[in-house]
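Labels for the chains are A, B, C, D, E, F, G, H, I, J, K and L, by order of writing; each one numbers its residues from 1.
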Amino acid sequence: MNDHIYKKIELVGSSPTGIEDAVNNAVSRAAKTVRNMRWFEVSDIRGHIEDNKIGHWQVTVKIGFTLDA
Amino acid sequence: MNDHIYKKIELVGSSPTGIEDAVNNAVSRAAKTVRNMRWFEVSDIRGHIEDNKIGHWQVTVKIGFTLDA
Amino acid sequence: MNDHIYKKIELVGSSPTGIEDAVNNAVSRAAKTVRNMRWFEVSDIRGHIEDNKIGHWQVTVKIGFTLDA
Amino acid sequence: MNDHIYKKIELVGSSPTGIEDAVNNAVSRAAKTVRNMRWFEVSDIRGHIEDNKIGHWQVTVKIGFTLDA
Amino acid sequence: MNDHIYKKIELVGSSPTGIEDAVNNAVSRAAKTVRNMRWFEVSDIRGHIEDNKIGHWQVTVKIGFTLDA
Amino acid sequence: MNDHIYKKIELVGSSPTGIEDAVNNAVSRAAKTVRNMRWFEVSDIRGHIEDNKIGHWQVTVKIGFTLDA
Amino acid sequence: MNDHIYKKIELVGSSPTGIEDAVNNAVSRAAKTVRNMRWFEVSDIRGHIEDNKIGHWQVTVKIGFTLDA
Amino acid sequence: MNDHIYKKIELVGSSPTGIEDAVNNAVSRAAKTVRNMRWFEVSDIRGHIEDNKIGHWQVTVKIGFTLDA
Amino acid sequence: MNDHIYKKIELVGSSPTGIEDAVNNAVSRAAKTVRNMRWFEVSDIRGHIEDNKIGHWQVTVKIGFTLDA
Amino acid sequence: MNDHIYKKIELVGSSPTGIEDAVNNAVSRAAKTVRNMRWFEVSDIRGHIEDNKIGHWQVTVKIGFTLDA
Amino acid sequence: MNDHIYKKIELVGSSPTGIEDAVNNAVSRAAKTVRNMRWFEVSDIRGHIEDNKIGHWQVTVKIGFTLDA
Amino acid sequence: MNDHIYKKIELVGSSPTGIEDAVNNAVSRAAKTVRNMRWFEVSDIRGHIEDNKIGHWQVTVKIGFTLDA
């Protein structure tokens, strides 16, 4: 276990409801093509405003996953 | 559309319930005096503790809006 | 009130549900040993992914409290 | 001259041609409502991509101007 | 009190004597047009040199004030 | 449109003429393998000096594109 | 002397007069419970505004002290 | 040579022995799927502690490689 | 396991030989008073120069450990 | 070639026309006293505004050059 | 005046009394070998503690001066 | 001792073996022209990759030395 190598990819998830859902959406989408995801790091929180209300949240996350040996 | 100019203002929204509500409150208040808001950026998350519990969240947001040509 | 001195400690709270609960958990735990907590600052948001879903959120918070004179 | 006070506002200028024009556009627009502008600081450079080409540059600038005494 | 919204503006105060006076000057000037100022944050300290001596200090401060509900 | 997920990749474009061309070159190269590019962010500007002149500019850009649902 | 280990704690000192006094107050308070203090680092300068004047300065300092072997 | 385009990927290498080995492991693993690697940048150094000792070092590196024209 | 709370302390380890030993020394010293250490983060690397040679390395590390429930 | 040592100096170049010319001017001036320049890094972009127009750009660059063995 | 080139050097001034004197000392010392100093930027404030009191302040300043054409 | 002034210079040391040697090389080279070196600060760690292996490490260090009174 000591010498695992991980790769990090950077996604932007979005959601009309909030930060947690935006991250959940990013992780769910990543699961379609990436195996062995281990952790995420939130690096930016922003969003769009439409008609004087928050239209959707956009959260940048880095997702780390184990590379096969 | 190419040469739009935007202005960014910096507000601190607060809420007893959480981050999303604090940002919503800031956007709602800005809507009283600012038109054509387009996006927001969260730059700081903090809050007050009262009686060993979170009293309210304070979230700093920059709000961008289109300036009239 | 003018010359209060505060100390800041750094905790990482975790929760399976989201950011606010992770911070709440950190503040609740700190209340067992720290008195006079006044504010918190979120400095990092990350978490673990298990079985392609977010297992728990890990939020780093600094907590400030008043030192006795 | 020693005790001048300046205010800084934050604008985002855009242009299809490049960074300098985006900043020029921001300064020109600010000139409609602000007097005594003295300096600018570029804090972010980004832009939109349309049809695999850069559609326009978006440059965030802070503009400093002298406040009347 | 929980849902107060604050706005932050950014000023540069200057003074020939030092940092504290430069900030004081910025706050005094802001008081001419802003009500309900609550806090300030120093974000940059610099100054001009004239004849091999410090001519004046220039201190960038963000000033937060409560917006009317 | 609310729940789009974006991926960001990081490229370094280079050009003997300047910053804009270096970014253009990076976007053009990315277009060979990436579809649905939406925005770019400049994160570093540097370059090589040869014979006391700037040989070429090297600009680091992050490019964001929409992932298929 | 080569293998000394130091611990850093983070305090916020406050003072109505200025930055130096705020740091002095933090160091004096720390001296009640910490021995062998060696250095300090200023990491944040802010303060409260009351009645359009600076009420007190709040300076965040990290204080380093030698741990017994 | 002037208009080369590079891509940067982000890996986390780990090793029980130290920083250099952790980076070496990341580069070796990358070599299985990436050609024309040119440079690396260390952006984070951390690790796990097990039984009061450092179990392994985890070093985040960005690796830059030339894209085919 | 989901709701663990961690505390982070900040130490500076030193060593005449190098970075890894400086971190090892900090972790070993912390083991005298802290239980359940889980990870460390390197945040600063510096050192003293004596007689034109590196006298010792000084590495700032944050150490995270589990708090009892 | 492996053990080259480089020195970095920090200059501010200015130009009425734009960023590239400001950097070119800095490199040209450095060439009068520095040999073996190898690379530059842009760390700040700002400028003066005169009569509501950009008077000149001021770009801070670090220039790296090889030291003789 | 438009195409002036400036050089920045980095000094650490110290003083037992406070920040302003530490910067003044750095500027005075620089005046012995540098002509045409124009501005300074404070980038770090720290100091030594001796016998539970601040022994001296150490302030890092960058000093900019005009290079002869 | 209280009013010492220090100057900081920025070097990049390189070595095929690792970080410590790269810093040692920079300090040794600086010793040829600088007297009274007192400390160093590592600000960047990177390196070149050749034939899928690390060719040499490049470590940016700031070196502080006492200026004569």
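Everything below uses one rule, namely that a residue touches a chain if its C-beta (ideal position, glycine included) is under 8 Å from a C-beta of that chain, and two chains touch if they have at least 3 such contacts.
Values in this document were obtained by computation on a predicted structure and should not be read as measured data.
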Chain whose average C-alpha position is farthest from chain D's own: I
Gap in Å, rounded to a whole number, between the CA centres of chain J and chain F: 22
Euclidean distance of C-alpha centroids - chain D vs chain G, Å: 38
Rounded Å distance, chain F centre to chain H centre (Cα mean): 21
In chain E, residues with contacts to at least two other chains: 9-10, 19
All chain pairs that touch each other: A-B, A-C, A-F, A-H, B-C, B-D, B-E, C-G, C-I, D-E, D-F, D-J, E-G, E-K, F-H, F-J, G-I, G-K, H-I, H-L, I-L, J-K, J-L, K-L
Partner chain I, residues of chain C touching it in the complex: 9-16, 25-26, 29, 55-56, 60
Contact set on chain K toward chain J in their complex: 2-10, 62, 64, 67
List of chain A residues in touch with chain C within their complex: 19-20, 23-24, 27-28, 31, 37-42, 63
Complex interface listing, chain H residues touching chain I: 17-19, 44-49, 52-54, 57
